[in-house]
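Okay, here's the structure, questions in a sec.
Each chain gets a letter, A, B, C and D, in the order it is written, and its residues are counted from 1.
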């Protein structure tokens, strides 16, 4: 009986002393995410700095949570944002509604949007979670 | 037998007085004074004369389609838009003997009840057009044209209308559009020109050579004409010989004359004593034939049986040095340039074929292009709006049929296997 | 029967009229054949070759869009060969088509996409450089062209020639280099250019108004009526997120518009979401208009109007719905207590309105738009139809060009339709009555020396054309009856003309042409100072009749017309005015006089979308909704009552005109109770005899004409 | 540039010569080209007015035919046939020869504005291949030597 008690304690002690900790001290310590982690969206640019996004709204069409809004406009002389005629004047994602399925990334014909491993985007208000184009665009 | 070129040796036969002296305008007089319009149509029908523009439609039948209703205006359009590559017979017929054509046209108009005729002549034929206009003016002065011709109550006005460089306008309905002043694209049929042609009126459209035969038929009778040539292809045919032959030019031969005789006797054989590689017997719109087909008779039926067509009998002869891919590319470019753009298969397909042929000739082609070319050609053929599409497929299909190995060599050797000029050298060069 | 033929398509028998196209016969059987160049309203061309089918007895495949049926014909569309042909034509079309569907406005509603998905090849075998053109090219301020996308179906070119007869665009070049274009420096300047955008089976022709505004799947489509003119073309209002109207599309009503829209109507969608729209009620305080709450504004409005007592007036609108206008006049009559109500402030000739009403109630004006198509002579009197009622212009052109109908065009200026007229009669302004009388007289053989500024010969030539007519469509502009001098005489002359024609055995249909989208409806529901709703002339008996229907007594004396109001305002006869949906201070002809009169008023209420010239002068401005934000009915020039439906939410704090008036009535303590818009229409159907029996549902998607009994 | 009075008169004359006035379009465009060297936009607009036709139709027709130049060209257009019969007898060499001699590519005009070099499809004179059209004249059985003589001749004509 006593022996069992010590046996059990020994298991506990072993875990306390010898096993690695699971908990990490976020945000000081960050856990390595799996390579295909899909979190916050990023809008990419071409090498020359132009936006990849052409404002086609296919991401919004594919989105099962209806969390993307795209309003397109025409590139003009002196105000070119993307190659071709069309660009996204407004690009917004409501990250609270997003279910991180990655369909937007699949739907994108120009590989402009990807879900990156950015996990820390919590905030105190709902409106702050509506990410606008300048927040989403890669620098 | 020489019918159309009968007077060719007569100096100045283009002069009306000489033409009259040689028996000219006798046929018109006979038709107007001794024959009824129906009688003329019957004689032409009996002669077995078939359209010389390429399609070979029986001329008498075409005329008979014209409604008899005298209240309707009717028109005759003489198709002198000779643009078929390798064909230059109408040019000679007009320049050398314009009155023969005028007489033929007048007889035709009498037969179909038309008082107004046009000669649609290709824009580049500036001299021939001038010549024709002068001849018309002279004939009008002499009373062979104009009001109350030869004292009868038959009136006729003939006008020359110049095109401006469009192969498609040789297609009869495109010709009508061009003459009416709209873009020279072919028209939907039905209605056929015999019912609704020029200016919505019944219209006959005949080739120069066809009409030039008419005076002789009227003068000598349909039976006489039918006795020349073969049973179904009667009369003679002017063949235009060009390319690698010693004596290029126009030759009038009886229908059914073997090709060997035409190339080697009339045209004097292959340039530089080389071997024949291929020939196109009817302008580039018909399939090419090879050495194997030298004993084919020059008539509608035999040509068809040999896998080609009589077409306009414009021969383009190629010798053994000729790169067939390059020759086909040349013809394909022609069709891509001349496609009117109205229908999809022809507009898109012809230039696609050019792209592929170019790649093959330049050595960047793929083996799959050869079958693809056949497939594209087969899909233009029969699906396009008019015969131009069909025609564009012929050089491609026939050259691959006869010279597939040459195409394959182009691909496998990444370029043209022929040395130097590939058969495209300057004469004597 | 000799006029019918039997044929077999894919093994199924069908009997169709002679002359039917194979593709139409197939459609009747529910067999789909892909098309591009074919369009049922235009002559076949057989250019795109997409609709090839096999027909027994023909050595080659035939295009079903231009082959006519024959008895015993056997057609096959379901063989592997046919499928292969459809596939190859699509492959041909796609070799030079840029696959930029993601940025193309058509992507998602594109016939080329649809046909490719259904019949096209999985892949292209084309490995070469595609054709390039400069793009996009602005053909006009409204139409943009992307030549690389064009598949050369020629629908646009054919429409402009066959239907609009304004051949501004044409195919240029030849063959592979073919492109659609305009003559250099001559923009695509047609009244109907927008239709080519809708006809385009790819995204080659684009609307500069709609371009990039929304993808097809993001839009809702609401059936409605164009609010721009009296034709009342049926439209679909496309909106995004129920907030933003992005475009109008046509909605084929074969009785009204035949599927076409004019540019004025089609491209006039931007005002709805204009940032300048009024969003808050405004009340004038210390000489300045300031934002206020609805309660404050309505209270101020009602108080101001009531303070004027009997010297108050109201102006309704020709582009507000029947429901809005009906409530407005009821409010003015019962709550404000005046019959000073009109739908316009233009001057009316004495007796003009009475002549108009006589014509409408006697059944004289009983014609319809479709009569234009079936008549052999069309007489147009007093309207520049091409500008005022553009789509009716297409009906007339079609009748003249396709059916060989003759047009007698009477209008003081050489307007566009003059060139289609067998007889063009440019009478002098103000001499309408003389002209009409002259024509009527000439017809009975008493041609005057001259009439209405025209010579006797001119009149006689028109009379001659009329005398040979069997079916006549007489189109009479409202203005020649109502606002030109001697309207009643003009009306009488026309009556006598029609009488003589009919006595001779001709069938005559007379249609009144009104310019506003709901001018007709406004008059029907009582926007007339001398008439209660339903053209009841104001007198004792009609007053008690209305009192019974309304449960309250309306003022018993006829009121002032809109123009009377202008005059009276200047000398204090009218002190307060309520204007719903009009901007009389910007009247084209009399802006100055009207503005001056408005300035003299003690009190002005304006209900509108924008801060118009009139609104700037107002004491209270009430922001109202456009037709896209509300529901109701319009009645067009042929008295067709048609439904409009709500496409988007009201902008900001604006409210529909019906709600504004209901709230105003409530503020004034009146009992106006309507559960829904339909309830208002039900009351109109009870009160206005012409609308008797109509319900919102029975109107249906294509409207119903109110009955005229002759 | 306005169409000359003489050309206008000829166009109006052509208008009356056919059963429909639109038939006069090709004659009118030929006259325009003679008058101005190519079918100018202004000229086409004038023709549209003279013949009472839509401008777009005049433009559409003019661009359909390859003989009508849409741009200014040299005094002489050297139109060398490139179709098979001429090609088989060396017309491609002639084009290269001309190109080198004149220092211009196909489609270009010499700096002195005298010659424009073009290739055209079959001129219908295959029996005398290779063939070139310059002005109204066909030059047949061409060789580089003949071309030299022709160019000299044309230059002399232009100077005179």
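Methods note: a contact is a pair of C-beta atoms (placed from the backbone, for glycine too) under 8 Å apart; a residue touches a chain by one contact, two chains touch by 3 or more.
In this text the structure is predicted, and so the values were computed from the model without any measurement.
Between the interfaces A-C and B-D, more contacting C-beta pairs are found at B-D. Per-chain Cα centroids separate chain C from chain D by 51 Å. Per-chain CA centroids place chain B at a distance of 24 Å from chain D.
Inter-chain centre distance (chain A to chain B, centres taken as mean C-alpha positions): 71 Å.
Counting partner chains per residue, chain A has no residue touching two or more of them.
The set of chain C residues that touch two or more partner chains comprises 171, 173-174.
In chain D, 57, 60, 64-66 are the positions where the chain touches two or more neighbouring chains simultaneously. Chain pairs that touch one another: A-C, B-C, B-D, C-D.
Residues of chain B touching chain D in their complex: 82-88, 90-91, 116, 122-127, 159, 161-167, 178-184, 199, 240-244, 248-250, 280, 284, 314, 316, 318, 322, 327, 330-331, 333-334, 337-338, 340, 421, 423-427, 429. Those residues of chain C that touch chain D in the complex are listed here as 167-174, 181-186.
Those residues of chain D lying in contact with chain B across their complex are 17-27, 29-30, 53, 57, 60-61, 64-68, 82-85, 87-90, 92-94, 120-130, 133, 136-138, 141, 143-144. Chain B meets chain C in the complex at residues 166, 183, 188, 336-345, 347-352, 355-356, 359, 372, 379, 382-385.
Across the complex, chain A is touched by residues 100, 102-103, 107, 136, 211-215, 217-218 of chain C.
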